[in-house]
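After this come two complexes, each holding chain A, first together with chain B and then together with chain C.
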Partner chain A sequence: MLKAAVWLFWKDLSLELRGRELLLPAAVFGLIIAMLYGFAFDGGQQVLRPMFPGLLWLGIFFSSFLAVGRAFGVEAEAGQQLLMAPIDRGAIFLAKLALNILLTLVLTAVLTPAFALLLGAPLPHATLLFLWTLMLGVVGFAAAGSAMGALTAQTRLRELLLPAVLLPFTSPLLLAAVSATSALYGKSPAQLGSWLWLMAVFDGIFILVPLLLFEYLTEV
Partner chain B sequence: MRYLRWLALPLWVVGLYLALIWVPDVRALGVSYRIFYIHLGMAWTALLAMTANFVLSLLVLVRRKGREETDRFAQASAEAGILMTTATLASGMLWARVAWGAYWTWDPRLTTTAIMWFLYIGYLLLRQAMDDDAKRRVYSAVYALIIFVDVPIVYLSVRWWRSIHPVVFTESGMNITPQMFIAVIVFFFATLVLALDLIYLRAFQEKVHQELQQRRARRLGRLGY
Partner chain C sequence: MPGHCLALFGANGAGKTSLLSLVALQRVPSAGSLRLFGGEAAVDDLALRRRLGYLGHEPGVFLGLTGYENLLLYARLYGLTDAKERALGELRRVGLAPFRHTLVRSYSAGMRQRLGLARTLMHRPELLLLDEPHQSLDRRGQDLLDRLVAEHCGAGGAALLATHETERALGLATDVMVLSRGRIVYLATAAETTRATFEKVLSEALGGGELC
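Right after this comes the complex of A and B.
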C-alpha cells in the first residue's frame, strides 16, 4: 500500500511541478485576499493588526481550499482511470493527503510572510511554536480536505459542494488555529497548549478515520 | 408502525397543554420560558436522530444484507434530525431574543448546533448530487461517520473558545420541579414519536420512489430507449 502511495504521490508531484496548476492560482488567490482585507476593513494597519491571526488563517484556509479541492478533481476529470487501478483505495488517499499537505505547506510558507507584510503585523517571537501551530493547522485542513475531496469528487456539483461540507467541518480547526496564534501574541497564552492538543487530535483522527473507511469505497 | 401517527397527535395535544397551561410560570423568566419544553424535546430528538443516522450508516457499511433499506432509513433519520435541529435553533433563538436580548450568541451549544446543522445539510446535498445509487449509499455513509466524529470536537473547541472570553450570559439556573419534569418528558416523547413517524414515512416514500424509477427504467428499456 505504501509503495503504491509513494508512486501516486510522485505522479501528482511531477504533474504539479510541470504544470503548476494548483499552487500558482492558489497563491495568487491568497495574495488577492490579503489585498481585499485592506479594502474591506478600511482603516489601515492599526485596524488590521489585532485581527491578524484570524485574517491569516482565513487566507490560508481559503487559498488552501482551492488547491485541496483540485487534488481529487483531476482524477474525476481524467475519467476515473485511477479508481479502476488494482490498488488499495487507502493508498490513493495517502498519496493525495501527502500532496495536499505539501501544497498547503508551501502555500502557507508563501502567504504568512506576505500577510504579515501587507497587514503590518510582526510575526510572533516564539518562532518554533508558531511554525508548529502553522503545521498542525495546515495538516488538519489538508487531511479533512482530502477526505471531503474524495467524497465529493464523484458528485455532479464537485466545486460547489466541497466548500459547503469542508468549511463547517474544519471550523474547530480554524477556531483552534486562530486561538493558538492569538495566544502566541500574548492573548491568554495559558490556553496555547490545549489548542495545540486539539489541533493534533483533529489531525490524528481525520487522517486515521478516512484511511480506515476508504476501504469501503473500493466496493462501489 | 403505521399507527405511530395516531399516537403522535394526542401526545402533542397533551404535551402542549402541559407546557403552556398546566405548568406554572417561572418567576424570573415569565411566560417566555414555556418555549423551553418544545425546545428541549426537539433538541433531544434531534441528537437521537443524528445518532440513529450514525448507527444506520455504520450498518450500511458493514452489513450487505438489506443495505438499500438501511440506507433509506439513514437518510430519513438525517432528514428528521435536520428538521428537529432547525426547530431547536428557531425556538432557541426566539427565546434568546426575549431572555438574553439577542437572537444569536456564541454560546457553545448554540454554535455547535448550528455547525451540526450545516454538516447534515451537507449530507443531504452530497446524497442529492450523486447519481449512482450504490455509490450514494456507501459515500454518504462514510461521510455520515466522519461528520459524527467531528461534532464532539466542534463542541469542545467552542467551549474552550468561550471560556477565554468573558461569559456574558450564564445559564439561568432553572430548577426543575416535578411538574416541569413531567411536561419535559411528555413533550420529549411527543417529538420523538413524531420524528419516528416522519422517518418511517420518508423511508417508505423513498422506497416507492426508487421502485417507480426502476419500473420506469425497465419500461423505457422495453420500448427501446
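Right after this comes the complex of A and C.
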C-alpha cells in the first residue's frame, strides 16, 4: 500500500507543482484575511494581539479549505479509473493526506509570521511547543479534509458540501488548537497538555478510521 | 469467454453503462450477485481488478501529467516490472509516442481517448470493458481501436463493448446482445445474427427511439 501511496503522492505533487492551483490561491486568500482582520477591528494592534490565536487558526482553517477542498478535483477529472487499479484504496487516502499535510504546512508557514506581523503579536517563547501545536492542528485538519473530500468528491455540490461537513467536524480541533495556542501565551497554561492530547486523539481518529474505511467511502 | 467480443446495444437508459460498471467492479449489485471468470466477484478483489481493463466515458487520465507520465503511473500502480518500457511501448502502439512529453491538457479529445485506450490495454487485461470507446476518435483512431480490440480477442482475451457504431461493432463482435430496461432481450452469436433479425430486435428494444 505504501508503494502505491508514494506513486500517487508523486502524481499529486507533480500536478500541484505544475499547476499551483491549490496553494497559491489559498495563500493569497489567507494573507487577505490577515489584512482584513487588521482593517476590521478598530483599536489597532492592542486590540488584535490577545485575539491572535483565534484569528491565526481561523485564517489557517479558512485558507486551507480552498486547498484541501479541491485536492480531490483531479480524481473527479480522471473519472473512476484510479479506483479500478489493483491497489488498496487506502493508498489513495494516504497520498491525499500527505499532499494535504504538505499544503497546509506550507500555508501555515506563510500565514503564521504574516499574521504575527500584521496583528502585532510576537510568537510564543516556547517555540517547540508552538511548532508542535501547529503540527497537530495541521495534521488533524488535513486528515479530516482528506476524509471528507473523498466523501464529497463524487457529489454534484462538492464545493458547497465540503465546508458544510468539514467545519462542524473540525470545530473540536479548532477549539483545541486555539486554546492550546492561548495557553502558550499564558492563558490557562496548565491546560496546555490536555488540549494537545485532544488534538492528538483527533488526529489519530481522522487518520486511522478513514484509512480503514476508505474502500467503502469510495464505493459508488 | 476467451477470444469472444460481445457487442452491447440498447437505448438510452437500457443499462449498458450500469452493466459495464458492475462488471468493472465499480458498483455493488443492488440485487443478485456477480460472477466473473467462473467465481463470485467482490469489488475489493485486487487480483480480479488486475484481470480487467475498463475504458469508460472518460479516458481516465490526468490532464496535468504528460502522456508518458500517465501511463508510467498506471504501470506502477498495476505493479508492472517493466513499467517504463511498457508505457513507451503502449504510446507507440496508439501513435502517441511523438507527444509523450506533452501535457495531456494540450491533447485533443481523440488523443486523450487513444491514451485512455493505451492505459486500458497496458497491463494486458483478460477482459476488456469498453463503454462507447469510438466516441471522440476520428476514422483512423476508430480503425486503430478496432484493430487493437481484434488483436486482444485474437490473442485469447475477451471484450465487452457498448458502442454507437453499429456497423463497426457488428464487424468486430463474435456475439451480440441487446438490452432493454435492464433486461437481455437478444443474445446470439454474430454468425447466427442476420441483419434483418438484428434490426428487428433492436428496433423493438428502442421502441422506435434512437440507438445509443
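Quick note on the criterion: the second predicted complex is superposed on the first by the 216 of 220 C-alpha atoms of A that agree within 3 Å, B and C clash if a C-alpha of one lies under 4 Å from a C-alpha of the other, contacts with A are read in each partner's own complex, and residues count from 1 in each chain.
We adopt the following convention: a residue touches a chain if its C-beta (ideal position, glycine included) is under 8 Å from a C-beta of that chain, and two chains touch if they have at least 3 such contacts.
In this text, all values refer to a predicted model and were calculated from it rather than measured experimentally.
Colleague: Counting only touches as set out at the top, which of chain B and chain C does A:E159 meet: first, second, both, neither?
Modeller: The answer is neither, since A:E159 touches no partner chain.
Colleague: Mind working out whether A:A4 is in touch with chain B, chain C, both or neither, as first, second, both or neither?
Modeller: Only chain C; A:A4 stays clear of chain B.
Colleague: Output check: A:I87 vs chain B and chain C. Expected answer is one of first, second, both, neither. What do you get?
Modeller: second
Colleague: Of chain B and chain C, which one contacts the greater number of residues in chain A?
Modeller: B
Colleague: Examine A:L15 and indicate which partner it touches, taking first as chain B and second as chain C; both and neither are also allowed.
Modeller: The answer is second: A:L15 touches chain C but not chain B.
Colleague: Given the touch rule stated above, what does A:L198 touch, chain B (first), chain C (second), both, or neither?
Modeller: first
Colleague: Take the contacts of chain A with chain B and those with chain C, and give the residues found in both.
Modeller: The overlap between the chain B and chain C interfaces on chain A comprises residues 219-220.
Colleague: In the complex of these two chains, what residues of chain A are touching chain C?
Modeller: Contact set of chain A toward chain C: 4, 7-8, 10-11, 14-15, 18-19, 74, 77-88, 215, 219-220.
Colleague: How about chain A: which of its residues touch chain B in the complex?
Modeller: Residues in contact with chain B: 147-148, 151-152, 154-157, 161, 164-165, 168-169, 171-172, 175-176, 179, 188, 191, 194-195, 198, 201-202, 205-206, 209-210, 213-214, 216-217, 219-220.
Colleague: Show which residues of chain B lie in contact with chain A when the two form their complex.
Modeller: 61, 115, 118-119, 121-122, 125-126, 129-132, 134-135, 137-139, 141-143, 145-147, 149-150, 153-154, 156-158, 160-161, 164
Colleague: Please name which positions on chain C make contact with chain A in the complex.
Modeller: 21, 24-28, 43-44, 46-47, 49-50, 52, 54, 56-65, 69, 73-74, 76-79, 103, 119
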